[in-house]
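In what comes next, subunit A is part of two complexes: it sits with subunit B in the first one and with subunit C in the second one.
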Partner chain A sequence: MAEETVEIKTAPADFRFPSQNQTKHCFTRYFEYHKCLKAKGEISNECEKYAKYYRSLCPLEWIQKWNEQRDQGIFAGPL
Partner chain B sequence: MNTKNTTLSRTQFQFQPFHLVTPSPWPLLTSFALLILTSAAVMYFNGYANPLGGSGALLVGIGLATTVAAMALWFRDVVAEGTFLGDHTILVQKGITMGVALFIISEVFFFISVFWAFFHSSLSPTVELGAQWPPVGIATINPFELPLLNTILLLSSGATVTYAHHSVIEGNRRGAILGTLMTLVFAILFTICQGIEYVNAGFTIADGVFGSTFFFSTGFHGIHVIIGTAFIAVAFFRMLSYHLTDHHHLGFEASILYWHFVDVVWLFLFITVYWWGS
Partner chain C sequence: MFNLFPLFSANTAIFNDAPQPWQLGFQDGASPTQEGITELHDSIFFYLVVICFGVLWVLSSVIVNFNSNKSQLVYKYANHGTLIELIWTITPALVLIAIAFPSFKLLYLMDEVISPSMTVKVAGHQWYWSYEYSDFINEDGESIEFDSYMVPETDLENGQLRLLDVDNRVVVPIDTHIRFIVTGADVIHDFAVPSLGLKIDAVPGRLNQTSVLIEREGVFYGQCSEICGVYHGFMPIAIEAVTPEKYLAWIDSQA
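So, the complex of A and B:
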């Protein structure tokens, strides 16, 4: 019987965001992912860790809203 | 021999050193004027138009004009009582000085609240601003262009008004007039430069919390500059009219204290809003 260990983890605690409100943490990870993509290219795998972090932390509505904003060029991060 | 001493001394009819003011209509008039001003302003801000047509700004103007007029009439009486009727004994002068200082302290607290609002939004910028200050997309003003000139103007005006004050104390009429005149020139130049900045700024008061905090803080400071300029101008005209003595010139001293307060607020504004905030 093969037992598959399921690994469940979330984004690591970031000392830059020590408080209970993790909004900035989510935003920063999302922003770091896209900054990384811009710097290193879409195909690279080095950015995936940021992607995992922001997908754990951020509510789906925010991710969708920011994706739309990026498409329209009105995203509020200094990309 | 005509050597009868006809000089009347205050101690012959008033047995205490304070000033019990004769009945005056100006406080009541001022309160009605303020009522018109504040209620008209609230209606204008909330979009309640004038029933006779118009945005309601006319009533605000009427309220402002009546408030200024009532204040002018009241202060005119204070000048008459102090300069011509001799009601401002040393103790009355002390009381007036304390009153002016307390008023300025209350204005300091008002500006503390304005700066609090600025720091609340700028120290931890929200994600909607891009988590940075200045927010993404705001074209800030270079603090080392006009704002630096404004700082030099206000600091210089502080020096000239101090020179004017010392001249009054020394009895140097020419120095006092020139010093006060230079102070007024610098003050008006400051206001003109701020006007130029406002017209040519790359953002408006409606441009997010940056625009709001910038124009709220600099705007209220500008109003206080205009009030301070008027205050010093009144003292200037009284100086020309020989109202001041080398020992008794409370109105002038009050205007100087108010002007120093305006100057200090600008220094804080320059360092925090213009320099750090850009």
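So, the complex of A and C:
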């Protein structure tokens, strides 16, 4: 019986955020993704990696709040 | 459903993964973190007993041999004794330094999260936990998320543990490096599972990272460990560790 290899992976540990508090890590991945989209355009798939990272790390509530803030133009990140 | 009571199997042990009445020691460890904690505790405890015995010996000798019925001598003007003061200051300092070495080593080892394979997000609410598994997104772009409430006493089935069992357990695979990202939604809670050596505050506005590698299958219970309101004692945590195959099957069923 042929066995499928399933690879499970998640946002890797980032050396910029080595300690317990990962708040900035999640925030950084979120705006890195949107900066990448701005730079490379919505159609390209290169930004997908950042999307996976921020989705793995950030609570959905936070993501929704930041999406609303971006829509309203009041997002605090360096976009 | 897990067979937690293998009555006819001589090879399977029953592990203490939940609090027992009148329990004195730790719960049985299921992760390297908890094994490290238990080991450190046991080795410090040994020297603690030796020192305690020594101190009590000296104290009781003095009380027994030098009470006023036995000895009328009173050293009224003995204000200082430099040598003995040096001894009883430096010796405890050396003991503390000796304890610090393995303790800090374990502390920093516990903080290392080098390359996790999966992330589980935990949010503490008043008064339940919610979990998100966002490494996998289904076709609708949704991740797995669910709330976990304590089973009320009136709804307990036979064999379920009062104040510990929940409706939806956190299912995770064994032998996998898991990262937990813990936050609070309203007030500060604390995500604690003693068998896995997990205890981390769930603070609103902050994401606290901790990691675990579960070495055996089983269900591991814990309770909220930061006062968070009237039902602080009624929001337990139950982590069910299964083989990676069963975990993938569970993921498929949830998505």
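Quick note on the criterion: the second predicted complex is superposed on the first by the 77 of 79 C-alpha atoms of A that agree within 3 Å, B and C clash if a C-alpha of one lies under 4 Å from a C-alpha of the other, contacts with A are read in each partner's own complex, and residues count from 1 in each chain.
One rule holds for everything that comes next: a contact is a pair of C-beta atoms (placed from the backbone, for glycine too) under 8 Å apart; a residue touches a chain by one contact, two chains touch by 3 or more.
As the structure is a computational prediction, the values presented were derived from the model and not from experiment.
S.K.: Is the number of subunit A residues in contact higher for subunit B or for subunit C?
M.R.: With both complexes superposed on chain A, more residues of subunit A are touched by C.
S.K.: Contact-wise, after the overlay, does A:Glu61 reach subunit B, subunit C, both or neither (first, second, both, neither)?
M.R.: second
S.K.: Based on the superposed arrangement, let me know which partner A:Thr23 touches: subunit B (first), subunit C (second), both, or neither?
M.R.: both
S.K.: Of all the subunit A residues, which ones make contact with subunit B and with subunit C?
M.R.: Residues 23 of subunit A touch both subunit B and subunit C.
S.K.: Inside the complex, what are the residues of subunit B that reach subunit A?
M.R.: Per the touch definition, subunit B meets subunit A at residues 126-132, 135-137.
S.K.: Over in the complex, which subunit C residues touch subunit A? Could you list them?
M.R.: 111, 113-119, 121, 123, 132, 134-135, 137, 143, 145, 176, 179, 181, 183, 185, 200, 205-210, 248
S.K.: Write out the stretch or stretches of subunit A touching subunit B in their complex.
M.R.: Its residues touching subunit B are 23-24, 27-28, 31, 76-78.
S.K.: In the complex, go through subunit A and note every residue touching subunit C.
M.R.: Subunit A residues touching subunit C: 6, 8-13, 19-23, 25-26, 52, 55-61.
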